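Structures follow.
Here subunit A shows up in two complexes: once beside subunit B, once beside subunit C.
Moving on, here comes the complex of A and B:
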C-alpha cells in the first residue's frame, strides 16, 4: 500500500521494474532520466557491478505534481535480474504499488522471461500480494533488434507466455531508443494511482 | 486523499499531470527511424554475440566474439578507423575471454561502448571522417585509461604470488593508501544505501 502522509498532503508511489537479467530495466530508467532530467529535477541513483549490471538497484524519484490537492511522489526502482540476487529482489519489492515487467523479446530469452515472471509471483506472494491484484504492465523490450535481423519472439508468443492469465496492458518497446518507454511508464502510473484510490475507498 | 472524488475526475487529473511532464516526447516511430539500420549490416553477427553475453561470461561466447572480430578485421581492413575499432575490440575480447568474471569492472563497459560506437560509425551515413575520428579518439582514451588501471593493478598479483615471476627483481608495492581509500568509499556507499533503505522500510511500516 502506498505511503500516504495526510499532514504533508503527500502520496508516495513505488513502482518496480522487474524482469530477467539484461532485459533493459535499467535502460528504461536511464532513458527516462536522460530525456526528462530537466523536468523531473532529481538524480538517478545506480549501483553497478562487474560488466555494468545492476548489483543492488536503480532508483529514480520524481514528482508529478498535485492531484486532488496531494503531491504525488513517484519512486521508480529496478531489481537486479541475475538469478542469485533473489534476496535483493524481494527486498526491493517490499511495499511495491505497481510493477513494470520488462521481458526480453529475444528468442533465446524465452525461458528466462517465464522463469522471471514466476519468480515475481513467488516474491509477491511472500508479501501476501497477488500478481493478479497488483497493477502490472508488461513491456516486451528490444523490439528494435528486429531491424537487424536478430530473431525475436512474436508479440503473440510473448502474450501467450506471459499475459495469458494476467491479461494486463502490454507494449512492444525499445528501451535503448525510447520507443514506448514513456507509454509504459504513464500506463503503470495511472493504473497504480487508480488502484491506490480503490484501496483507499 | 479525498476518496469522495470520483475516479474518472482523478484519472483525468493524473493523465493531465503525466502529459505535462512527459508531453513532448518524440514519437516511437521517429525514434525507431533514427535508429534504423539495414538488414545487411556487416556487424549483425557481432551484435548478436555482444547481446548474448549473459551474466556468466562463457568461453563459447567469447571465442565466438574473438573469431567474429577477426572475420570483420579481414573484411573491413580497407577502412582504417573501423580497423582500429576492431583491433581494440579484439584485444578487449581476448582479455575478457581469459579473465571472465574476474575482468576489470570497466572492461565489459568499454567493450560495449566500443561496439556501440563502432556500430554508429558503420551505420551512420551522416558522419564525416572527422566525426568518426573524434569518436574513435574518445574510445581510445577510455581504452588507454583501462589499460593503465590494469597495469597499476598487476603488481598486486605479483606480490601475492612472487614465485610466478622469479625474474623480476622487485615487485611494485601495492599503494595501501589507495586501497584503504577505495575500501572506505565502498563502505560509505553501502552505508548510505542501507540507511536510505532502512528509512524507507521504516516509513513503510508507519
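Moving on, here comes the complex of A and C:
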C-alpha cells in the first residue's frame, strides 16, 4: 500500500523479503546496507533473538532518487522465516507493494521453500491480495555453496517447484558474497514502481 | 493498493498537529498508516528522530499488541503508552488504518496530553474520512 505524498512529492514503497528460515533474507539486507552505506542515512533496524535469528523484522529505508518528479523512498523489510512466527510474518506483510522471495537452493531445503511460498500465498490472501497480482521476484540463494561441494538444487528444479505458475523473474544469487543481490533489488523496485504507476493511472 | 491524500488535507492535518500538540510542548508527532508509511509529521525543531524507522517499528508494535488483544478476547487496544525516564511515547489509533504517535517529555502531563490527542484525533479523523483511494 504505497503512500503518495503530493505535498512532499514523495512516494513510500514497501518491499518485503520473504522465504524460509535461514534462507538469507537478512543477509540480503545486510549486503545492501553495506554496499550503499553512503546513500542510506539511517541505521538498519533489526529485532533479533538470542540466537541471531530474526524475531520480528529487519527494516532498511533506501532512497532511490526521483521518478516523474517524486522522491521514491523504498522501505525494505524482512520477515522472520521460522514457521512458528507466522503471526509476525503476517503483520509485516500488511500494505506490501512488492516481494522478494528468497529461496534456499540447498537440496535439503526443497520442501521448506515450497511450504514457505504456499504460506506467503495464504498470508497475502488474508489481506485479499493475490500472489499473482503482486510484484514478486524469486531469488535462489546460496549459489556460492556449490564450491564447497554442498548439494544444491538445479535452477530448473527450483523454477519448476516455485515458478511454474508464477512465471516471474528469478535469479540464482549469493547474499553472502553479494552476487545478484543488487540485480534482485533493482528488478523488484522496477516491477513495484511500474505496478504503482499503473494503479495510480 | 496505493493511495494518496490531497495537498489541502495534508496541510490541515499538519496544522492540527502543530496547534493541538506541538504548540503545547510535544516534541514530535507523526501520523502513520498500519503499513508503516508516514503520512505527516511535525516536531518542535529541536530534535531529529529517524521517523521512518520509528514508523516501521510503531506499526509493527501496534500490530503485535492488537494480536495480543485478540488472544485475550479484546477487539483491540486503541491506545498505547510507553514511559521512559525522560521521553514518553503515546499511540492512538484513528479509524482502522492509521496511528497518531506522539513523543513528549515529562514536562507534559499524560492526562493533558491525552486530552489534546483526543481533540487532534477527532479533527484528523474528519480529514482522513474524506480520503480518496485511487
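One rule holds in what follows: the second predicted complex is superposed on the first by the 201 of 201 C-alpha atoms of A that agree within 3 Å, B and C clash if a C-alpha of one lies under 4 Å from a C-alpha of the other, contacts with A are read in each partner's own complex, and residues count from 1 in each chain.
Going forward, a residue touches a chain if its C-beta (ideal position, glycine included) is under 8 Å from a C-beta of that chain, and two chains touch if they have at least 3 such contacts.
Note that this is a predicted model, so its numbers are computed, not measured.
A.B. asks: Here subunit A is shared; do subunit B and subunit C fit on it together or clash?
C.D. replies: Subunit B and subunit C clash in the superposed model.
A.B. asks: Does the superposition put A:147 against subunit B (first), subunit C (second), both, or neither?
C.D. replies: Touch status of A:147: first partner only.
A.B. asks: For A:25, using the defined touch cut-off, is the partner it touches subunit B, subunit C, both, or neither? Pick first, second, both or neither.
C.D. replies: In the superposed model, A:25 contacts neither subunit B nor subunit C.
A.B. asks: Check the residue A:72 against both partner chains and state whether it touches subunit B (first), subunit C (second), both, or neither.
C.D. replies: It touches subunit B, and subunit C stays clear.
A.B. asks: Could you say whether A:200 touches subunit B, subunit C, both of them, or neither, answering first, second, both or neither?
C.D. replies: Both subunit B and subunit C are touched by A:200.
A.B. asks: Quick one: name whichever of subunit B and subunit C touches more residues of subunit A.
C.D. replies: Greater contact footprint in residues on subunit A: B.
A.B. asks: So, A:61: does it touch subunit B (first), subunit C (second), both, or neither?
C.D. replies: A:61 sits against subunit C, while subunit B stays out of touch.
A.B. asks: Please indicate which partner A:189 is in contact with in the superposed arrangement: first for subunit B, second for subunit C, both, or neither.
C.D. replies: first
A.B. asks: Name the contact category of A:91: first (subunit B only), second (subunit C only), both, or neither.
C.D. replies: It touches subunit B and subunit C both.
A.B. asks: Residues of subunit A that sit at the subunit B interface in one complex and at the subunit C interface in the other, please.
C.D. replies: Residues 3-4, 12, 56, 91, 94-95, 196, 200 of subunit A touch both subunit B and subunit C.
A.B. asks: Can you check the complex and tell me which residues of subunit B touch subunit A?
C.D. replies: Residues in contact with subunit A: 1-3, 5, 7, 10-11, 13-15, 17-18, 20-22, 25-26, 28-29, 31-32, 34-37, 39, 41, 44, 47-48, 51-52, 54-55, 57, 101, 103, 105, 107-109, 112, 189, 193, 197, 200-201, 203-204, 206.
A.B. asks: For the complex, which residues does subunit C have touching subunit A?
C.D. replies: Subunit C reaches subunit A through residues 1-7, 10-11, 33-39, 50, 52-53, 56-57, 59-60, 63-64, 67, 134.
A.B. asks: For the complex, give me every residue of subunit A touching subunit C.
C.D. replies: 1-7, 12, 14, 42-43, 45, 56-57, 59, 61, 73, 75, 77, 87-88, 91-92, 94-97, 196, 199-200
A.B. asks: Please give the residue numbers of subunit A that touch subunit B in the complex, ascending.
C.D. replies: Interface residues on the subunit A side: 3-4, 11-12, 21-22, 35-36, 39-40, 47-53, 56, 62, 64-70, 72, 81-83, 91, 94-95, 106, 108, 144-145, 147-150, 174, 176-180, 182-183, 185-186, 189-190, 193-194, 196-198, 200-201.
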